[in-house]
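Per-chain numbering from 1; labels A, B, C and D assigned in written order.
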Amino acid sequence: MMRGAEDRGVPAAAADLVAQLREEVCDLHAELPRNDLVVWTAGNVSARVPGYELLVIKPSGVSYDELTPEAMVVTDLEGRLVEGERAPSSDTAAHAYVYKHLPDVNGVVHTHSTYATAWAARGEPIPCVLTMMGDEFGGEVPVGPFALIGDDSIGRGIVETLRHHRSPAVLMQNHGPFTIGRSARAAVKAAVLCEEVARTVHIARQLGEPIPIPQSDIDSLYDRYQNVYGQR
Amino acid sequence: MMRGAEDRGVPAAAADLVAQLREEVCDLHAELPRNDLVVWTAGNVSARVPGYELLVIKPSGVSYDELTPEAMVVTDLEGRLVEGERAPSSDTAAHAYVYKHLPDVNGVVHTHSTYATAWAARGEPIPCVLTMMGDEFGGEVPVGPFALIGDDSIGRGIVETLRHHRSPAVLMQNHGPFTIGRSARAAVKAAVLCEEVARTVHIARQLGEPIPIPQSDIDSLYDRYQNVYGQR
Amino acid sequence: MMRGAEDRGVPAAAADLVAQLREEVCDLHAELPRNDLVVWTAGNVSARVPGYELLVIKPSGVSYDELTPEAMVVTDLEGRLVEGERAPSSDTAAHAYVYKHLPDVNGVVHTHSTYATAWAARGEPIPCVLTMMGDEFGGEVPVGPFALIGDDSIGRGIVETLRHHRSPAVLMQNHGPFTIGRSARAAVKAAVLCEEVARTVHIARQLGEPIPIPQSDIDSLYDRYQNVYGQR
Amino acid sequence: MMRGAEDRGVPAAAADLVAQLREEVCDLHAELPRNDLVVWTAGNVSARVPGYELLVIKPSGVSYDELTPEAMVVTDLEGRLVEGERAPSSDTAAHAYVYKHLPDVNGVVHTHSTYATAWAARGEPIPCVLTMMGDEFGGEVPVGPFALIGDDSIGRGIVETLRHHRSPAVLMQNHGPFTIGRSARAAVKAAVLCEEVARTVHIARQLGEPIPIPQSDIDSLYDRYQNVYGQR
């Protein structure tokens, strides 16, 4: 699908924006190995080019050490190459589908981070038993359907699952987590915290049952964190 | 509560002391990621300004890489900003409550370190089955109540739990560990050892029951370590 | 066996090729500690010298920090030293046997990576329950026989097991993984992914049963990944 | 016991040897954090000064970053300070006892490495189910008695346990591993491999029973490794 696409170029008006996003997306990829979310080349970050039907993403099969802003590629929202010398990540179609159907999302991250993927292999959502989960996810981290790469099914599974949840993370069954955010950085943060809560709740469950948090307390945590936390 | 506070400034006589504590607290924050106690921005260290109703703490939502002595903030013991350009950590009220009610404590640390948080999610104290625990904790690591952020409840839960234990660490239910010390460095050490014993005892229990240490031996270990160990 | 061998030298025509492979094999050894696949000196990478009955491999008992291209050794396909100042890795006979019997293989890696070795200790293949496994291994990661070092038995166990599988990795019982590839780099990638899937499936199984992936879907994943993924 | 000791100085003839061992022991301490065997200051390496009733060891309660060859201390085989500005490690009496009673031992290491300590907390030896264990340990890693610090009991427990085993490692109950070697470097290697096999066998046992290795095969592995492996 991506192969036949001709290189139609980035509009001149978007050039500065794209240059800046190439830099940002390149920098954010360094967070994936740094936070132990990926091995080899198995994970990617993208950013929407706001105001354009474009996204910036990692090229396929390139190691994190070799990534430079120039190596990043630009595609349209069908996943077709628009600018760049290499083939886009093989997960581009899924990223593109998300941008097309969730207009508030400006960043998408996909990894195979170990503990999140372990929950995904069992098709089991991560229950909300940590205040950190209430803060960031506002409830459980849900599971999306099993889907093969190659058409819209992964993108559709992400969008349909996340539409019904506060969570910015979905565990695609037998596959791994996808996370979304208002910025690429927010999606990376969600990917980091998704793995951390997947790991902590796994470990808690190994020796017994974690204590549930009442829904009203989860609601308070989520509301406060989304509206008060951090610098304004 | 912190928002409306006016900046009343640090007394001139405390300026040198505060400058030194800004440096110390900044350096100690580097120990959190270095010892794998935190992901993203989820942990903080504070120090009491001895002789003043003040504390030095991390600003909210800032990454560990960006921290400088200047970025640290000073608050009073109600958690209100006294000096600094950023909002104090959202956990400041809990730190402040501890300093107000435990006069011997000069340092407080809060993390969501994985194994300690897993015990906290089950609301289960860590039993004292390691000589290292006898040394540092003098018994089990206790659990504190579930408490929502936003008022005194976290601080109160910490103080009420630790008053009845030798342990400098408390596992706040569904939340994570808080540790205290005679210095900020001692509180950081307690945070590091709390995670280590949480992890080791977890792993020991996965394949059977650890052998208990008799209380009299725990007492000997604790007494010797508190009075003899290290350089004088 | 290796001891009595005289140094017959590398043919002049192969000198450049060997120099290049010494560099490549040396660089690839750095991936082993970097990906947490080895402790101390317990792992090795080799490359076939294409067109010659020779291979380049790590010397025995040397730490990863001290490795240089010059320190690498060249042996024939009986594992006898041909060029180099040190004794070849004690696993050389196994590598050599693989090159002799699997003509498409140009790289071999051996580690004792923790999770893969744990499956090997139970003599249990890793079931294919992750899309990443379908991609890279095309099915389960199989177990090879228990074999003592010192003669052909390890090499024979590797070859006989991998002949019947798509997997480039075999878990030698009670011992650890061996991986093969069309290049030494591909064999290192297989070693990294073998440990990652060993770890993820282990963790998934700790809290229940992973959902199996239907064979036809595994076939699709494998076919696409081997033919489409990455840069061409 | 160590406190009252007068500083009697190192014999002039041993000065060069001691200077060299200060450097070696200092360098080897860097392997402890590097191999994840210690947190904070909780581990130490010593070397016998051959031909003298002396040993070189880490000072007490000093962090690994601050260690220099000059900071190391020299004690006699009663653990009394002979040269150095700081108090010797609180484990010095145990190291000294080992040198006094096992004349072939020239290096001793003590850590609280996580997985080895977890086996020690249950008082359970690590069964020999990995070829790597056959090579290095020649059988199981045994457990030593529970012993309090402060007199000979830890040293005695180490010596009495290791006298009956090939293993250079003993798991002191509820405490952690001690390892010995013909050199300090060999004892560090044993500490690294002890943690690795403790971890691998733990993980193997989490999902079932590892396959035992027949004693005759363990004997072959041990014999070959002790006599053939590495550079001569």
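For this structure, a couple of remarks:
The definition used in the following text is that a residue touches a chain if its C-beta (ideal position, glycine included) is under 8 Å from a C-beta of that chain, and two chains touch if they have at least 3 such contacts.
Bear in mind that the values here come from a model prediction, so they are computed numbers and not experimental data.
Each step here moves to a touching chain, and the least such steps from subunit B to subunit C number 2. Taking the mean of C-alpha positions as each chain's centre, the chain lying farthest from the centre of subunit B is C. Two copies of one chain, subunit C and subunit D, touch each other, and the residues they use overlap weakly: the shared fraction of interface numbers falls below half. Work out the mean CA point of subunit A and of subunit D, and you get 46 Å between them. Between the CA-based centres of subunit B and subunit D the separation comes to 32 Å, rounded to the whole angstrom.
Residue positions 206 of subunit C each touch two or more of the other chains.
Because contacts link each chain to exactly two others and close back on themselves, their graph is best described as a ring. Listed by label, the pairs of touching chains are A-B, A-C, B-D, C-D. Per the touch definition, subunit B reaches subunit A in the complex via residues 39-40, 42, 59-62, 86-87, 90, 112, 114-115, 117-119, 121-124, 146, 148-150, 173-176, 202, 205-206. Contacts from subunit A toward subunit B in the complex involve residues 35, 129-132, 189, 192-193, 196, 199-201, 203-204, 206-211, 213, 217, 220-221, 224, 228-232.
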